[in-house]
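Multiple structures are listed underneath, in structure tokens.
Shared between the two complexes below is subunit A, which pairs with subunit B and subunit C, respectively.
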Partner chain A sequence: MIGSLAASRPDGARLALGLGCLGALALPFVSVRASRIGAPEPRTLVEILPPGRLLAVLALSAAVLLALVLLRAPWARVLLSLLALAGVLAGIGLAAGPLAAEAGPYARVAPGAGAWTLLALLALFFTEAASRLALGPAARLGLGLVILAGLAALLASDLLAPLSIMVEYRNRAASFRSEAAQHLLLAGGSFAAAMVVGVPLGLLAARRARLAPPLLGALTAIQTVPSMAMFGLMILPLGWLAAHAPPAAALGIRGIGAAPALLALFLYALLPIVGHTREGLRGVPGAILESADAMGLDARQRLWRVEIPLALPVLLTGARIVLVQNIGLATVGALIGAGGFGVFVFQGLGQTAADLVLLGALPPVALAMLAALLMDALIACVPGPAR
Partner chain B sequence: MIEIDGLSKNFGAERAVADVSLRLETGTITAVVGTSGSGKSTLMRMINRLIEPDAGTVRIDGVDTREIPLTELRRSIGYVIQDHGLFPHWSVARNIGAVPALLGWPREEIAARVEELMRLLRLDPERLGPRYPHELSGGQAQRVGVARALAARPRMMLMDEPFGALDPVIRQEARAELVAIQRALGATILIVTHDMAEAMALGDQIAVMDGGRLAQAGTPAEIVLRPATPLVRALIGESERGFRHLALLPVAAALTPGAAEGEALPAGATLADALSRMIWTGARRLPVAAADGHGAGVVALEDILAAGRGAP
Partner chain C sequence: MKGTLALALLVAAFLAFPEAFVPVLRPFAPEGGPVIYDRASLAGLTAAHVGLVALALLPSALIALGLAIWVTRPGRAHLLPLARAVVNFGQTLPPVAVLALCVPVFGFGAVPTLVALFLYGLLPIFESSLAGLSGVPAPTLTAATAMGLTPARRLLQVELPLAAPLILEGTRLSAVIALSTATIGSTVAARTLGEVIIAGLNVMNLAFVLQGGLLTAALALLIHAGFGALAEAARPPGARSSR
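Now for the complex of A and B:
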């Protein structure tokens, strides 16, 4: 244990990351604007901190970076990089408080280029060390949840409250919650619908060799439509449907809103699900299917007890792609009035308020990462040989 | 008793099986031998209707298999293939208990049957029962395949190259094991193989397939002594014919009273064993032990050679 903690010859990649972090310390740590759409004025650590504290911060940073470069035990680097990330986030908050107070009631403080670079490089330190740990999917999910809990605790404390993005959040707390729910509805609803339709379609494509090329071809064509165009395209047919079919209109189907966004996300989701379902089913070895028949399983028993379970890891891999993809794409739905986190992105773009854009962009990223970890853990639960 | 009557099957323009008739007596092993593409596997798969025949019938104890519901027919016939076809997502115990579960046996009965079969096939139920097939050795997986086929006490077993994936030493063991199990359970077995030595070692009856037709069917001795076609002769191997026949005959077939020098042959030895011993020791007469261990008589070289020719 002591031996694995001991320093060794520095790893080239980690050394480069460490030097990058050192350089980032010299970049503007935060930026201050007189108002939320004002021009940013960068502030370096040298400008923010009194000399004594600056020295302490630099010494601590150098020690942590040296340890991240030299420590041999991956778990120690995982722990240290997480602590460093939390430290940088806390540092941003600590720096923002006095600066905001001093610059006036409308002033905004946001992380600067240096802080973003530090966060990114430390995240790379973390992923490098975490990948060396070679954790199983369940452990990865566990670690992800721990990090998420830590992040939630940090957000719940007042430490980050002075930051501009948090001000944007506080001004929209109610609509943030409803747009979050709407985002989950868009991504989850289209995912569920695509599973219900896509898995049987994949089964059909696996069974009927002649059907597969045209079906997969059509779905591939859909996949190539740019998302902005796709969401726009959905307005026309659904608008026409709403105008000419009163029952559809009564269900809330209109040319703009959730319905066309759900339809667009659903269409994008079909190719990965149909394709993976087909590949999963085709990958079941012939000897196993022959055994199933010879043992007297009927067609339905063969499908549910043998084919689907054996295709499940591949099928779930398709589902994982779709879930992550839909959580990201649902952001675009706001363009046609579907709601979701995209609302803040487009509002922010319209108001040139970068922190509002971030408020809409960061939550889907976190959600997508969580969904990927969840699906990986689910895939690992499928019994049988490791695939 | 299984009666195969005028069975034919074409795949497109290709003739796989043409007008094959064969009788499998209850409690015997029939080995179907042929080169690849001879139709032997197709013939086997038409018995449990994995392949539907174009013409002809299969009757099991007088009942046409087409009158039995498909799943019921298949559940009553054990099936073993070279790649064992074990379900990789099921434990060994669940694999073995699969057909009883399909038949709706009570859970305790299935568990008891699985344990009984695992012990019969020298598989430790506690250790191997909860494992998954990919954790087994080739020999273990093959035995699990046999156990699964035997689980619902089938009247009949179909086996397609069941030992093909095993190394020669384990293959020998597995053959001996199969014969012992078959004798104990009295099952009717049809085994498909391309290996005439395996057919000779296992079969009460040997059926040789050639280009979809049945070239010859008979006891191993009949096949060796009177091969009906050049292909049958070639499959036996001309240079090994005499030895193959001797390997089928027990020492008792050439036993004469008397005594001889040297270590006695065991009572269960074949004339091929006796001849082999003579080749290495230079003796022309060997003592044979009776089942009780006392001297039963001798075998002489000239008597072995005569028996090998099939002379009385």
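Now for the complex of A and C:
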């Protein structure tokens, strides 16, 4: 441990992060509100801790920050920054408990500017150290799952229970689960449909050079329509369908709800999938195609055994873009009654209830990051020409 | 080029004389309801929308480019993995979530939208500037130094001109995303064309949704074309495409 401490010159970026963390300790650590939508009253660590414990907390923080700045081994910094992140989260919960009890039954305690800054800077410490480890995608996924498990354990314990966002969650646990399922259905369903339609379209665009520019042009134009308007516009064809085709109405297809949201997400998803499929297929070297022909493969065999496997990494890169993008965009679907986490975001915005907004906005962020990690690991597993 | 010009003329005509387009939009409005958004002038909202995006993206572009320049100076190569990791993380953040998360901190109105657009604009510009600056061939840099250029002049006369097309490409992507994301700002009372779309969704007047949506899309296409022309002009001689 001693040997891994750099004696000479601390890294400039880490020194800046460490000083930032020290400054964040002086900012309001939590904020107390008399009610769910009351004005926040910020409280600093100095205000909420008795002198003895304040000294202990500050000494421990200083020691951890010094180690994060000076430790040379990246894995040690990865470990320490994760422990520090868990420590700050636990600290927020520990501080919130007594404050909430003291301020009355309707009072809410939420992390303050200092706590958020501390979490962000420690996350940067972690990112810096993890990027030094130069982990492969599988190892990154493993690390991500470990972090996720730790976060789940923290959420399942009572430690964070006094926090405002957790109170908000408990008040609507049932609808949280159903909106989460709806969100996954919207993002996943449109993703699957776009893969089924987009890959053959990409194949067509790769085969017929004259078809590609108008097709890709139209799909690019679709991307420029703002998501809110796109969701709104889908009401038109589906509303017409529901009014004029009774079987469609019987299937639950209506002008508002999940169907137009799925259609809008599907349309947004097409460009990355079609574009990447085409790029991937066009990237297969001509010499390989010729030798496949010379080996006597017919067009179908050549496609399935040679071209698609070689195009797969690029194709999956397009799929990764779409999955991450759809998870975020599905949030907007709530505006046309499609459900999903956006329900909490827009309800929260309407009621100026910050915690409800957080409850709706944080899960899609976490889901998008998880999807990115999973897809990166998948792309790395696929053999093919180096990207 | 002709298509872009026609689109620009169409947008100008619509903003100047929206009433002339009533027959086209009438079928999408509810029976007897208003066809053209009447609570504010469309031209005013368009100006506010574009102004908001420009106000957010200007500092965004300057800071992102500054960071990319700072990271690519000699001796800071160890910062590159961190910079890339931050960019990768940032790109998984949904724009709606960034906007929503800004509201508890900055309240309602134009400020959270401005901050969200600023933050979200940083990433594409930073990433492409990084690619552009670190893509300048090492022999070119050596030659510039050998010619006696100081580091500052080398940056201004060699690196930035060579990286300009990529920097503009990133700015273009940021601008198109910001233009679309800004509409969501109207859910927190920012003054943008999103106001028209929301009004349309509230009273099920699709004529409003169409006006707001297509105007925003047209602006995005025009800005896309504008940056494309800029990037083409910034391309070093000899590398210009034959279009």
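Please note the rule applied: the second predicted complex is superposed on the first by the 376 of 387 C-alpha atoms of A that agree within 3 Å, B and C clash if a C-alpha of one lies under 4 Å from a C-alpha of the other, contacts with A are read in each partner's own complex, and residues count from 1 in each chain.
To be clear about the criterion, contacts are C-beta pairs under 8 Å (C-beta built on N, C-alpha and C of every residue); 3 or more make two chains touch, one makes a residue touch a chain.
Here the structure is a predicted model, which is why all the values come from computation and not from measurement.
Trainee: Touching A:Leu163, do we find subunit B (first), subunit C (second), both, or neither?
Mentor: neither
Trainee: Identify the partner contact of A:Ala84: answer first if only subunit B is touched, second if only subunit C is, both if each is, neither if none is.
Mentor: The answer is neither, since A:Ala84 touches no partner chain.
Trainee: Which chain, subunit B or subunit C, is in touch with more residues of subunit A?
Mentor: So, of the two partners, C touches more residues of subunit A.
Trainee: Output check: A:Cys21 vs subunit B and subunit C. Expected answer is one of first, second, both, neither. What do you get?
Mentor: Neither subunit B nor subunit C is touched by A:Cys21.
Trainee: Check the residue A:Ala368 against both partner chains and state whether it touches subunit B (first), subunit C (second), both, or neither.
Mentor: In the superposition, A:Ala368 contacts subunit C only.
Trainee: Can you check the complex and tell me which residues of subunit B touch subunit A?
Mentor: Going by the criterion above, the answer is residues 48, 50, 70-75, 77, 79, 81-90, 98-99, 102, 132, 134, 148, 158.
Trainee: Which bits of subunit C are touching subunit A when the two form their complex?
Mentor: For subunit C paired with subunit A, touching residues are 28, 78-79, 81-82, 84-86, 88-89, 91-97, 100-101, 103-105, 108, 176, 179-181, 183-184, 187-188, 193-194, 197-198, 200-201, 204, 206, 209-210, 212-214, 216-217, 220-221, 224.
Trainee: Show me the residue ranges of subunit A that touch subunit C in the complex, using the header's touch definition.
Mentor: Residue list for subunit A touching subunit C: 11, 13, 113, 124, 127-128, 130-132, 134, 221, 223-230, 232-233, 235-236, 324-325, 327-329, 331-332, 335-336, 342, 345-346, 348-349, 352, 354-355, 357-358, 360-362, 364-365, 368-369, 371-372.
Trainee: Quick check on the complex: what are the subunit A residues that touch subunit B?
Mentor: Counting only subunit A, the residues touching subunit B are 285, 287-288, 290-298, 301, 306, 309-310, 382-385.
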